[in-house]
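Each of the next two complexes has chain A plus one more chain, namely chain B in the first and chain C in the second.
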Partner chain A sequence: MSAPENVLEIRNVAVHFQGRAGLFGRSAHTVKAVNGVDLDILKGETVALVGESGCGKSTLSNTIVGLQPPTTGSIRLGEDEVVGATGRALNDIRRKVQMIFQDPALSLDPRFKIGAAIAEPLQVRGIARGKALKQRVSELLVQVGLRYEHADRYPHQLSGGQRQRVVIARALALEPALVVCDEPVSALDVSVRAQILNLLVALQKRTGVSYLFVSHDLAVVRHICDRVVVMYLGRFVEIADRDTFFANPKHPYAKALMAAVPEADPERQRNKEGNKERYILSGELPSPSNIPSGCAFHTRCPLATDICTRDRPELTPRADGALVACHHA
Partner chain B sequence: MGEETTPLLTVDNLTIEIAGANVVDGVSFTVARGEVLALVGESGCGKSLTSYAMLGLLPPAARRIAGRILLEGTDLAAMSERQLRKARGKDISIIFQEPSASLDPLTTVGSQIASAFRQHHAVSGTEAFARARDMLVAVGIPDADHRLHQYPFELSGGMCQRIMIAIALICGPRVLVADEPTTALDVTIQAQILDLMKQLVATSGTSIVFITHDMGVVADIADHVAVMYAGRIAEIAPVRDLFARPAHPYTALLLASVPRLDITPKANLATIEGSVPFPNEFGYGCRFASRCPLATDRCRAEQPPLFEQGGGHRSACWHINRVHELKENAA
Partner chain C sequence: MVAFIQSARSRISRVPLPIIIVSIILLIIVAMAILAPWISPADPTRQNLLGRLKAPGFERAGMTYWLGTDDLGRDLLTRILYGAGVSLGVAVLSVFVSTLVGVSLGMLAGWFRGWAEIFIMRMVDIVMSIPAVLLAVLTVAVLGPGFLKLVLVLGLTRWPRYTRVAYAQTLQVANLPFIKASELAGAGAVRILFHHILPNIAGPILIVATSEFGLMILMEAGLSFLGLGIQPPAPSWGSIMSVGRQYVEHAWWIVAFPGICLFLLVFSVNVLGDWLRDQLDPRSRTR
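Right, the complex of A and B next:
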């Protein structure tokens, strides 16, 4: 599967956090945030990573950009192995992957003018200076739908949507192969979300960048992604192409996520009520420090049987190409 | 539904000023008994200020300069702080977006619920605790006896929101104001909380003013919807009517810009150009005019009143008969 056009190859990545021993010497828990996952992202592809809070999606994205070393496993960005790289080598690799966070107000230094914020990565890497630097900053601003005048403003003088555009411009300044977008539109107003989603799509068409799009909003995911990865308690439970996934999600957890999304259509929303009842998950995500045996989802699953409590299902391919980890789906 | 009965809650011409700008400007609506009214809008549209005003919780910088808030004929806006303390919890309650920020981290959830009850009832601690336990069962918390003695940090976000609902409802208020109660929760938990709220409305007849920016949540829970923009009501309608026949350009564009789960996406989402004006940029006319594709000189000069469309559907737009064009363009 290691075709040359993969921008990202993750193999068997696990991230465990060792808890401290308790106050009265109770044994320490290990939080298994990510528990052995494999994933490839192709050039120009958008892969969505979905799941509830606590499922490990943010830990995995931090690991991919090198903010969190994995406990085991390999992460390759193009030809380069991220795990174990240090110093200069790591710095060079990091240039290929950038990150966009949820809240643009927290991602921008309030005392940096916009132009300086976008110029910083270019200066740090010694890519451009003087007139060329100004030129490049100007191009980037225009690329994300702002004007050069914005370079002289401070973040507080911009609206939330404009700030997220600045963050996107800065992420693209180094022409990365992959941008990890961690809930990039959830903090934005509804009327501005569509602008930013359209911008991300347009930039991908122009530059061929790949996105790992972390989100809990399945409607946004359907709009933007090529492939969907569903994560539950540190493992992938379903991986499928967009249209396959939305036509027929197979894992009971994926079905439950879909059923839980309230749709902006009162008729449909109220008609599915009877149907939806079946799939409203009782209970909540178990703690990742104490993951249930067998299939981690069996404690909330409407289909669970004996085998689910004993044997952990592996991801297996289905007729339509989806990979699903379930004994009964 | 409930159109003919006298309204339980009437907000009449509510106007709130911050630093010389009317950030809530002439807002009027009514809520019938057992009805869920959704106040929808983006940040800065005044939906939260409107709800805080109902409980006398406006921040110091904000000042109510006009308007009445009538709960069965009693004007909450005219009440003294002392009278308000008697009304809060008993007549009208509120729950907020972030439950963990609303709960006292140093007190067990049981005593927090019980103290809300004792605020309005002279009963013993034991009896108040018994009521708290019943309430935990009512909001669907399993193993109530054990949970009563736990602290907020021991509970998940969804559980904490159930506790907040228990506190808000234990004295049987007639109106519950819910300010984005599910925004901080996962969709699976959101579905549970929305179902709980629907069930509580059905059994207790409590009316809910539900503040949200999520059109999906509106479609799920609301009976009536008031869409707010820059401090004014742009459109107000029964929920099915609003989604089927939006009569304000802002509503139409908002609905078209929300990605849909049930439709295979097109290349581009419809967008609303620009962003919400700051209060110091409000002009004389329609506040949406700067972003509206239908705007004319009249829109920029003259504020449109809410025009009745029949069946309680009202829209503040000079060009209602052209709004359908926007929908067709987006489709």
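Right, the complex of A and C next:
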């Protein structure tokens, strides 16, 4: 077996948004949505990116797929550098990365039939046309568990789960190396979530695609992912293998996230409530335009001491292989 | 062939009755406009000062004036028939021009943002702040009056409304995930604008266009009344009505009949536009 290769290498990526200065040049805050992150994703791997709303997950995923240029840093997809590429070159690179969106009702053009929606990437890149195009569309539909008859329907004639299958088929049409899944099941009924997740897993086994799985639902993350990345205010605070992470989360923020997952068993839920007091977070997520000094988490951290307000902890390796950015954990 | 006729028949039977009625009204008005020279009982400009302001049904020298005569003794029915072409033509063409200009600019501003947005939307504010009549007077002063110039004046003063609607709608649609998905698919700006954004913003634009349609006929009337539009003695519904306004106490028919035609035309266009907008949306066609 050859050595595992990286499909994605992110180095020191930051995305800052310059607030628009007022009419009279009032100073505007810079929103630091993503603030210097490094990440590798292996071929065939599923990496979960977790964090609360506003932590920069969506900005980072938009940056990875090339919809949002980073302020600094480098993003490599396989051999190709995305940052700085333009026009045709950028378009060719983008073929390797696709995206699945949260709300399937909004990710399909209501005026495009299903077949046309799936055919679009193949058509605009001139990969297939005519009979071959039809053939490919029907293959993709079958691959995601739909039938060719669905090609002739409009999105509103399908259920939410079926629509998400169409979105997946469209994302896979170009045979990408990486698919960024932005909360792909959170808008779906609980009853169809498992189906979609299983479909994603099955497609990964067949095609060897890698997933960056953006989510705040740790139960889903545990079900599908190989590695977990926890993000807080534009930085990664913990990166660990799934089993390591779920057995022993180390960063106080990761612990708080875990403590917030409800247990199905009321007995266990009560036990959990007994010892989670320490990890109930107080206060709101600070504004990304005004990130606290030192460790960004110190304003809400139960372990915070003086050093946390002064020095920002770097990600450092722990005994079990996890990378954690905390002075005290 | 039989199947085709059957499917056509079933398609027609699904069209609601009011839509069939307004379509027939529109067809009649269009036919009036086209056939005016052949079906008119008289010459639209021949005056007869002895027979001015005669009531509908007035007979003279073997001819019946079914809708009466105007202030110069011209046959009102003939003038309405000839006027249909002018009113319809000005309205259709000026709505077409302003939609074309307005929607293109609005989509450009909403899609590209940045300098295009600032420049176009400020232009909209400027044009909207100039009274249309003033602009019309200026244009006519430079170009002189005439049918096509009237269309140009109306088209070029009315585009900002379309731009605002197209701009706001484009902003909204451009942020939806399916547009992102098309970008990721590799679609360029032209494809996204014409294949994804335009069909999705067509509904509100159609509504603006139909409401503007009636307004165009009235503006043509107003400008013609000021001597800036269609030059007398050529008839248009608007100019017939603005002349008739002075005589409304003694001769109600001069205002009433073109007014009824105008009402039917504008009403029909609005009803049809509303229905068409629904038909454009695949979500309303679910079996």
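Operating definition for what follows: the second predicted complex is superposed on the first by the 319 of 329 C-alpha atoms of A that agree within 3 Å, B and C clash if a C-alpha of one lies under 4 Å from a C-alpha of the other, contacts with A are read in each partner's own complex, and residues count from 1 in each chain.
One rule holds for everything that comes next: a contact is a pair of C-beta atoms (placed from the backbone, for glycine too) under 8 Å apart; a residue touches a chain by one contact, two chains touch by 3 or more.
Treat the numbers as computed from the prediction; the structure is a model and nothing was measured.
Engineer: Looking at the combined model built on chain A, do chain B and chain C fit side by side or clash?
Structural biologist: fit
Engineer: On the A-aligned overlay, A:Cys326 touches which partner chain: chain B = first, chain C = second, or both, or neither?
Structural biologist: So A:Cys326 meets neither chain B nor chain C here.
Engineer: May I ask you to decide whether A:Ile168 touches chain B, chain C, both, or neither, giving the answer as first, second, both or neither?
Structural biologist: neither
Engineer: Of the partners chain B and chain C, which touch A:Phe246 in the superposed model: first, second, both, neither?
Structural biologist: first
Engineer: Just to be sure I read the superposition right, which of the two partners does A:Pro110 touch: chain B = first, chain C = second, or both, or neither?
Structural biologist: A:Pro110: touches chain C, not chain B.
Engineer: Which partner does A:Leu77 contact after superposing on A: first (chain B), second (chain C), both, neither?
Structural biologist: After superposition on chain A, A:Leu77 lies in contact with neither partner.
Engineer: Count the residues of chain A touched by chain B and by chain C, then name the partner with the higher count.
Structural biologist: Per-residue touch count on chain A favours B.
Engineer: Kindly classify A:His223 by the partners it touches after superposition: chain B alone (first), chain C alone (second), both, or neither?
Structural biologist: first
Engineer: With the two complexes overlaid on chain A, what is the closest approach of chain B to chain C, counting only CA atoms, in Å?
Structural biologist: Superposed model gives a least chain B-chain C C-alpha distance of 12 Å.
Engineer: Provide the residue numbers of chain C that touch chain A in the complex, in ascending order.
Structural biologist: Listed in rising order, the residues of chain C that touch chain A are 176-178, 180-188, 191, 195-196, 199-200, 281-283, 286.
Engineer: Contact residues on chain A for chain B in the complex?
Structural biologist: 52-53, 159-162, 189-195, 197-198, 201, 216-220, 222-224, 243, 246, 256-270, 276, 280-281, 284-285
Engineer: In the complex of these two chains, what residues of chain A are touching chain C?
Structural biologist: Against chain C, chain A makes touches at 65-67, 91, 94-95, 97-99, 101-103, 106-112, 117, 120-121, 124-125, 154, 156-157, 167, 170, 173-174.
Engineer: Of all residues in chain B, which touch chain A in the complex?
Structural biologist: That would be residues 42-43, 156-159, 186-192, 194-195, 213-220, 239-240, 243, 253-255, 257-262, 264-265, 267-273, 275-276 of chain B.
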